[in-house]
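By letter and in written order, the chains are A, B, C and D; residue numbering begins at 1 in each of them.
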Amino acid sequence: MSFVPTWERQTDMGFFLETLIGGLMSGILYSLVALGFVLIYKASGVFNFAQGAMVLFSALAMARLAEWIPHWFGFQNLVLANILAFIGALMIMVVVAWLIEKLVLGRLVNQEGITLLMATLGITYFLDGFGQLLFGAEIYKIDVGMPKEPIFLLEHMFQGGILVNQEDLAATVVAAALVAGLAMFFQYTVTGRALRAVADDHQAAQSIGIPLDRIWVIVWSVAGFVALVAGVIWGSKLGVQFSLSLIALKALPVVILGGLTSVPGAIIGGLLIGVGEKLSEVFIGPMLGGGIEIWFAYVLALFFLLIRPQGLFGEKIIDRV
Amino acid sequence: MSLGARSQGEVILDVRNISLSFGGVKALTDISFDIRNQEIRSIIGPNGAGKSSMLNCINGVYTPQQGSITFRGQTFAHMNPRRVAEMGVARTFQNLALFRGMNVIENLMAGRNLKMRSNLFQQALNIGFARREEVEHRRFVEGIIDFLEIQPYRKMAVGKLPYGLQKRVDLGRALAMEPQVLLLDEPMAGMNVEEKQDMCRFILDVNDQFGTTIVLIEHDMGVVMDISDRVVVLDYGKKIGDGTPDEVRENPDVIRAYLGTSN
Amino acid sequence: MFYRENGQFKTSYAADQQIFPVMQDRLAVLGLLVLAFVAVPALAPEYLFRAILIPFLILSLAALGLNVLVGYCGQISLGTGGLMAVGAYGAYNILVRIDGVPLIVALLMGGVFAALVGVLFGIPSLRIRGLYLAVATLAAQFFCDWSFLRIKWLTNYSSSGSVSVAGLNVFGWSVDTPAEKYLLCLLLVCLFALITKNLIRGHIGREWMAIRDMDVAAAVIGIRPVYAKLSAFAVSSFIIGVAGALWGFVFLGSWEPAAFNIDRSFQLLFMIIIGGLGSVMGSFFGAAFIVVLPILLDQGAVALGFDTAIASHLTLMIFGSLIVFFLIAEPHGLARLWAVGKEKLRLWPFPH
Amino acid sequence: MNPSTFPRCLLKHATERPQAPALRLKEFGIWQTTSWGELATRVRLIASGFVAAGMRRGDHLAVIGENRPSLYAAMLAAQSVGAIPVPLYQDAVSAEYVFPLNNAEIRFAVAEDQEQVDKLLDIRPQCPTLERIWFDDPRGLRHYTDPGLANLSDLIQDAERAPPSQTNFFEETVAQGSASDAAAMFFTSGTTGNPKGVVHTHASLLDRAFAGARFDRLTEREEVMAYLPLAWIGQNIFSYAQWLACGYVVNCPESAATVAIDLKEIGPTYYFAPPRVFEGMLTSVMIRMEDASAPKRWLFEQCMALARRVGPARMDGRTIGLWDRLKYQLGDWMIYGPLRNTLGLSRVRVAYTAGEAIGPDLFSFYRSIGVNLKQLYGSTETAVFVCLQPDHEAKSDTVGVPIEGVEVQVSEAGEILIRSAGLMREYFKNADATREVLSSEGWFRTGDAGFLDAGGHLKIIDRAKDVGRLQGGDHDGALFAPKYVENKLKFFPYIKEAVAFGDGRDRVCALINIDFEAVGNWAEKRNLPYAGYADLASKPQVLDLIRDCAEQVNADLAADAMLAGGQISRFLVLHKELDADDGELTRTRKVRRGFIGEKYRVLLEALYGGRSEQFIETAVKFEDGRTGSVSASLRILDAKTYPLRAKAA
């Protein structure tokens, strides 16, 4: 987010709202990534560290395909190029998902959580390397033709109004749509219901003939899709580069806050973190020497955990003896 | 001394009006019973009757919503595991709860932790006291190994042992605490006849040689009726019978409960 | 095959409880020590010390510390890098603020600071478990990163937290050649390896493992989770802190917070996973594997004529796949392979 | 000058080497060591306790249990006060104790644990003389209130509290003892009738003990594992008589279940076991190797082949080619050494086997992997050491040369006669039996048939009384040595026991027990399903397997003019294992041919009657004492016999 905090402006309400909205915007993106985590954790009990790497990977794919495709087929239509690139990238993500299931998770069934976590870390390394090897390691632009120029809202309320990026608004809309879409998918499609069944109880799901491995491929594909969307939005704002891979780390406190197994948790957690981060940075940061964004989310999540170990919406664990 | 005479011993542990529920689900409702010194007290009842929950309340794994537990004159609204252990109550588990990463000796030694005094630094340097202490407790643990006749397995990882032996190690770990009261949660579940006989022998020997009070949860009625001094019967979290094996055998509610659930 | 155990019977518990009860093992270890303390310093080239041996030793130490927490007490942590930083900067502060303080004292104080921070961030482990805890420990990581970047006092007001120490001196023995640095590290590593071994075969170690294996049962036999877990955090963090101090003082010489970022945490976690959770020896195997592998891969890739960028990407990929491979092939790590091999040798020629 | 009685041996070691270990017992996870000094003190106390309890010179003390230091101490204490220890088999059923207890009017007994005590209490009504029973392990006995039952350690404590009136009581009673006093009594598990009490004096036992020690140059540094019944003179000589003679260390295993582990830990230097133990070890080796990876198995085969070729020669001290020596060295490093180690035989300097004939393959296996295994010949009456094989002259079919102090003679009937200072004094209260075997010139009739071969080595073919002759048939009047035939059969891994009949008959027939483990494996390798012993024993494939064995035996026999008549013409495989509890075997697992002949009469009739199948029902006694019955209809097979081969004539 690009704005210069200046002391006199901080006092007024407009600036506060501006920051708030800014927070919500980045919160949305956290939510998207967090969503990826939750989907996979629900369905396969895997804490997917590679989600960030998938974001980077998909974004890279999207960015480069958008460059290459026109030049392969010799046309100039940006929209078409983007659409094709998006589809291409999506297909790649499906393949990746399939490979991950076949080569890694399929062979690690009923291992402890930590082992699976490590496995996804391994996958992270692999994807980071592979992505950059395949698509190059520079900074790439994704231009989906989103309106760039900022607009001012509620000018009649505050002098100067509230500065908002249209891009951010678009992003918000997309994200919201995506979340809604997923919700629908889970509610109303057969696969969706199967997914929920699996999430609730693997054995049971298997016993009523739900093919776990296929389900997992689907879940990972969906996660890949979510990653792609997140990647595109983020990429079109700040450009596609290695640092994208690290937003996974940002999404961790979000899932913790929201509860590992809860989709709404992911959304709300994301927003909370996003907002909290921005506000704290602006209003507390200066006193601590700034840059507190990098830990604020975690410490927030941490304190939250002490009060409610299973997160906002996670379900409680009772151990039987 | 005869069984009859023994169960006249003074009350050592008194459970009063215990109620326990997990989020609305009632596991135990207003349970009261007492345990006399050096007796063998059995808790029986169909699956899900709340037997294990009862033990978990006694040694502080669960916290009952109501009721109190009196141990040697001290009354507690709820126990905490450490305190219970310090007061000399040991326990074995229904589904094995051994420390699978350790071998038999280590598991039993773990049972001695309350009695071990050496501090971090003494242990780190493994100097005089820590080392002597280690040896002295090893000696004690070997006594238990000998008592339970598991010499050939002492250095095996417990995970590799057959089920029956794991149950023995579980008992051994409890004995390592030199308990006054021993809570046994289905010590013979899933054993063959021979293993059951051995386990019975061990339980009786413990009770007889060390004068340990035994609280026994067991499904095998034959065993329970043979070795118990008194029996409590639970069903759906309620107490439906309490008395000597014969009394319980006659109790109509008990008979109904069992006919209701058996085969 | 090499084992001849007839006649090696134990007539006392002391003899039975020693670290290496089998004579052949004792000899092997002795040989190894002689090699490490005498032969290597005499023969190895400088490059070997700088690029491999010293980092290997220091990271082994850190891995050892982490293994205490994760492997023995079952509390996963991703904050290792941060704790190393605390160790390094803590030691640095002692050194610069108290003049004439012996190096060893500074290093150990680094460990102490790390232990304090470790315990602080270990407190959540009393309420939360597993993956949740993993994330909680990330807080430690990022908080430390940030502190040394932003809190100027901690870095003695040096720009962007980059500091440096020179002229290491242990009680009059000035440690400057790589060989000497190597010996210093080796000495400390052996010391801590022994201490750790003693702890885990003592009752505190059994308490850790009990908590790890079956915490309810542990509580019922009177083990206090608070004490067990926090002591594990303390010991682990202390060792990690010392390792961090060594990393800064001995290996890097001058460093900035980035040297201890999240990647370091992951790296160390990989070490103990690949090396073997709950195994002192495993910590060393893992460290060796992860220190040596990238070097080989890099050089291999370059040798095959890839440019360095591509080489580094390839390294990442191979590294990632190797980790996965290990998790699939041998979840218990190299240490298990070693143990199995050893058992086979003892039973040789029989398979079981 | 060697001490003349066992207590004096004890005192000698206790004064010369009080700190040196005398006994070790694996208990509570470590080898609890008793030094000679400590042992002497304990023996003193027990001795005075015994006297206090009214034990007098010439009394007998029954000793029942596994090898335990306290039992050893008790025996020494008894001998110190002039009483005679009578070790009895701890695995016998209580009824078997009645005769010995009454025969020796035993008033005192030392029992290891509850099990043994219970057995003694069972038969107390039949044994009025039995006054006192001391036990070593109090487990489970604390509520026993039976009169005269007490803990051995209590006896010791009482003795400590109330020391005997005269100060050096112990030294004096030991001094009173003389070499010619009875030192111990062993009941021979007579193959027929009541057991006979073999009375040995300190002189006879010690004479042989020292002779054997000199023969193998034993020192006080030997390590011995005591895991066989004390009641068996073999174990007694090796872990008691020679222990006191040489002052070496005797190690007692933790429990029967851990013998293998304990053996491996101790690694004895002087080892003694009957052939069946060595056989068991070899079988387990082979079975464990089955599961080894192909290359490892290949290596093993190679090395064993080499060993078979080179090993025995090496052991016999013959010179081998340099190349072979190198290869053997390599094999020793890769296979033989580790093998000896896993078997616990790495440190063995001298190993003996005796009691039964040992199979040539079995025998040479151990020698070829570098274990100095040798045979000896002797019996309870002769205090074991009669003939021993010198280090470099061990053969599987002889039992060695007469050692110092022994005269050997073969009677015209072909029976072996022995004269030595090691002969028993008498059969207890059984003058007739004594007269039967001990001639006035001091010759002892061993009852074994055999002869001294050209090299001066003794060769045994059978019990003299069992050697019979065929009547009628194509081998009319031919010599028939059943044991010889049976052993040849038993040398096959698949055959556990065999009983051959033929004396006074027209041909030889045999009842056979398969080796369940070995044949079981054999069957599994051919994935041939079976349910239990009886089923396996009745499989036609198995019967064919056994028939091949029988025919090979016949081929061998045909080569020997003397024994060619003994070829097996018909046989059957029994449906149950011959068992000591059913009286078919002695406690030392010797077959009771007569008894079996009676018990399985129907089968014999079927065999000689030429029938091809026969139904039989037999009563069996289970370990827990219950009895039941098993029945089956057994197939009877014919085996090919061979004409006497020319070259052998």
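As a convention for this text, a residue touches a chain if its C-beta (ideal position, glycine included) is under 8 Å from a C-beta of that chain, and two chains touch if they have at least 3 such contacts.
Note that the structure is predicted; figures quoted are calculated from it, not measured.
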Can you name the chain that lies farthest from chain C, using the mean of each chain's Cα atoms as its centre? D
Two candidates, A-C and B-C; the one with more touching C-beta pairs is A-C
Distance from the CA centroid of chain A to that of chain C, rounded to the nearest Å? 33
When the centre of a chain is set as the mean of its C-alpha atoms, what distance in Å lies between chain A and chain B? 50
How big is the gap, in whole Å, between where the Cα atoms of chain B centre and where those of chain C centre? 41
Report, in whole Å, the distance between the mean C-alpha point of chain B and the mean C-alpha point of chain D. 47
The positions of chain A in contact with two or more other chains are 321
Multi-chain contact sites of chain B, meaning residues that touch two or more partners: 61, 93, 97, 138-139
Where chain C touches two or more other chains at once, by residue number: 13, 16, 216-217
What does chain D use to touch chain C in their complex? 24, 29-33, 223, 264-267, 285, 288-289, 291-293, 296, 299-300, 334-335, 337-342, 344-347
For chain B, which residues are in contact with chain C within the complex? 59-61, 81-82, 84-86, 90-91, 93, 97-102, 106, 109-114, 116, 118, 120, 123-126, 130-131, 134-135, 138-139, 173-174, 177
Show me the residue ranges of chain C that touch chain D in the complex, using the header's touch definition. 1, 3-13, 15-16, 347-352
For chain C, which residues count as touching chain B in their complex? 13-14, 16-17, 195, 198-199, 202-207, 209-210, 212-214, 216-224, 231, 235, 278
Along chain B, where are the residues that touch chain D in the complex? 105, 138-139, 142-143, 145-147, 149, 151-152, 154, 205, 208-209
